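Each of the next two complexes has subunit A plus one other chain: subunit B in the first, subunit C in the second.
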Partner chain A sequence: MTARVDRLLELADDELIVGWRNSEWTGIAPFLEEDVAFSSIAQNEIGHARALYELAASDLGTDADALAFDRRPDEYRCAPLVQLRFVPDWASTVARHFLYETADTVRIGALKESVDPAVAGIAAKIDREEVYHRIHAEMWIDRLGEEPAVRSALEGLWGQALGVVDEELRLELAHRLKAKLGWAPADAQPVERGAHLPELEALWEEMTMVRRSAPAGARW
Partner chain B sequence: MIFEVFRRERQGQPFQHAGSVDAPDGRFAEIYAREQYGRRQESAALWLVPREAVREVDEFPDEFDLKYRRVDGYSIKARLKEARAAAEDVARSRDAFSAGEIR
Partner chain C sequence: MVTESDVWAALDEIPDPEIPVISIVDLGVIKDVAVQGSKVHVDVTPTFMGCPALDAMRRAIEERIEALGGEPEVEVVLDDSWSTDRISKAGRAKLEASGFAPPAPRSAGPTTLVQLERGAFGCPWCGSTDTRLENIFGPTPCRSLRYCNACRQPFELFKTI
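Let's look at the complex of A and B:
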């Protein structure tokens, strides 16, 4: 597998799984307007995952659905940050949302400068939608960032957030987080990609259930 | 806070009331309105107006029945009916005259 495919799958898996996690709030978000907005953000993330899987699939001679649903849970490359299940904890959800969107901003910003035109192109497209996710996440942080529940969630997830981006981008990410929050935990160690939390397996069971129940080659 | 949302479907068209969003402040309202009234490319622009900013006028007394000021003008239904009846009378008399019943 090429480095490009590796990179695309990391990104796509992050987007798919965070989109799935966010969608778990559909119908039960704190209020109706937020329900619609957060569900729409979840749909966007899954849309980004699709575009990234399609690009990887064209290199691998397969299709986006096969990459999204036909791998085993331990083959996913998503960062631990997106694997965590928080429903019904809105404070942790807001914290993860903000940390993930900020990490994604840094990562997508770097990919926009990629020498690979297909990767740079898709990064620019994703970035145009991510602007609104960022605004949404920062609004929540402005409103709830000082609440003890949100603050302790931010502290607890900081290392996982650093693990979303490559080593050379972590300093920039830490700066951005600190600039927005006005503080940073003293010693947060990055939690590297590669771990598979038990809750990812549960998500996978649900996410791939319909696909697995249908005979191979079924058309919808 | 409730914000009334007005939506312009295409450039050059008037803004029309689309609905409302309930949001903690204007920034939230912007995101919520964008998601509810714009994410399907159905709007070229939105106006968000705090409901308190809306001054409602809903009483229009017309004690003296000044019909000539109304947008629908005079009601001519009754007068039209009278005119038709009169015309029928005239026609009947003329027919009777032609038939020699009246001299």
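Let's look at the complex of A and C:
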């Protein structure tokens, strides 16, 4: 597997799984506007995952659905930050949302400069949509960032947030977080990719259930 | 013999699957049409990446080209070429007439919350700019919800991307 495919799968898996986590608020968010917001963000993230899987699939000679659904849970490369399940904890959801969107900003910013034109093109397109996710996440930090529950969730997830981006981008991530929050969490050990939490397995069971029930493909 | 202008005219009759007042040509998603013999190649660029309308658009394009007697080849181009600035002037007028505020032109930098919270987006019903942001997100990825303080009607805004 090439470095390009590796990188695309990391990104795609992050977007697919965080999209799935966001979708878990559909129908049960604290108020209707947030129900719509998290559902719409989920749709965007899963759309980004599809485009990234398609690019990886064309290198691997497979298709996007096979990459999204036919791998075993331990083959996914998503960062631990997106694997965590928080429903019904809104404070941790807001903290993860802000940390992930900020990390994604830094990462997509770097990929837009990629010498690989297909990767740079997709990154630029993703970035246009992500602007709205960022505004939404920052709006929640403006509202709740000083609440003790959100603050302690931000501190607790800091190591996981660092694990979303490559080592050389972590300083920039820390600067951006501090610029928005006005304070910086205590230094934490980055929680690197490669760990698979039990929550991911449970998500995978649900996410792939229909596909596994009709391995030869289903017609609707 | 199918000509490129026949193809453009046929594509201009395909409504956007989610906002049918505007055609996919007005929406700016048709990037290129090339005719070679009976083969008709069309490059389509998606609007929002998670928009499910893309598959419906592709099928509609194929059907129209077959109806013209051509062999369709539809290619989805996943680059950064579509933005809301590609929506035509006619398309903007049609959006407005049906109760959608058209997207603001893209500025040099990314959209900010301050911009979204300004009243500058005119109400498509009464024209007032005394409007407020209700929700950045709406029923499809491309829409935001706003409220007009003057005529007290909600309306949808096409997000600028």
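Methods note: the second predicted complex is superposed on the first by the 216 of 220 C-alpha atoms of A that agree within 3 Å, B and C clash if a C-alpha of one lies under 4 Å from a C-alpha of the other, contacts with A are read in each partner's own complex, and residues count from 1 in each chain.
Here is the rule we go by: a residue touches a chain if its C-beta (ideal position, glycine included) is under 8 Å from a C-beta of that chain, and two chains touch if they have at least 3 such contacts.
Please read all numbers here as calculations on a predicted model, not as lab measurements.
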item: Fit-or-clash call for subunit B and subunit C when the two complexes are aligned on subunit A; value: clash
item: Per-residue contact with subunit A, leading partner among subunit C and subunit B; value: C
item: Contacts of A:F31 with subunit B and subunit C, given as first, second, both or neither; value: first
item: Contacts of A:G47 with subunit B and subunit C, given as first, second, both or neither; value: second
item: Which superposed partner A:I135 touches (first subunit B, second subunit C, both, neither); value: both
item: Which of subunit B and subunit C A:I122 touches, first, second, both or neither; value: second
item: Touched partner set for A:P88, first subunit B, second subunit C, both or neither; value: neither
item: Partner chain in contact with A:G194 - subunit B first, subunit C second, else both or neither; value: neither
item: First, second, both or neither for A:R143, with subunit B first and subunit C second; value: first
item: Common ground on subunit A, meaning residues reached by subunit C in one complex and by subunit B in the other; value: 33, 36-37, 40, 132, 135-136, 139
item: Residues of subunit A that touch subunit C when the two form their complex; value: 33, 36-37, 39-41, 43-48, 50-51, 54-55, 117-118, 121-122, 124-129, 131-132, 135-136, 138-139
item: Contacting residues of subunit B [partner subunit A, same complex]; value: 21-24, 27-28, 31-32, 34-36, 39
item: Contact set on subunit C toward subunit A in their complex; value: 48-51, 78-80, 82-83, 110-113, 116, 134-141, 145, 159, 161
item: Subunit A residues within the subunit B interface of the complex; value: 31-34, 36-37, 40, 132, 135-136, 139, 143
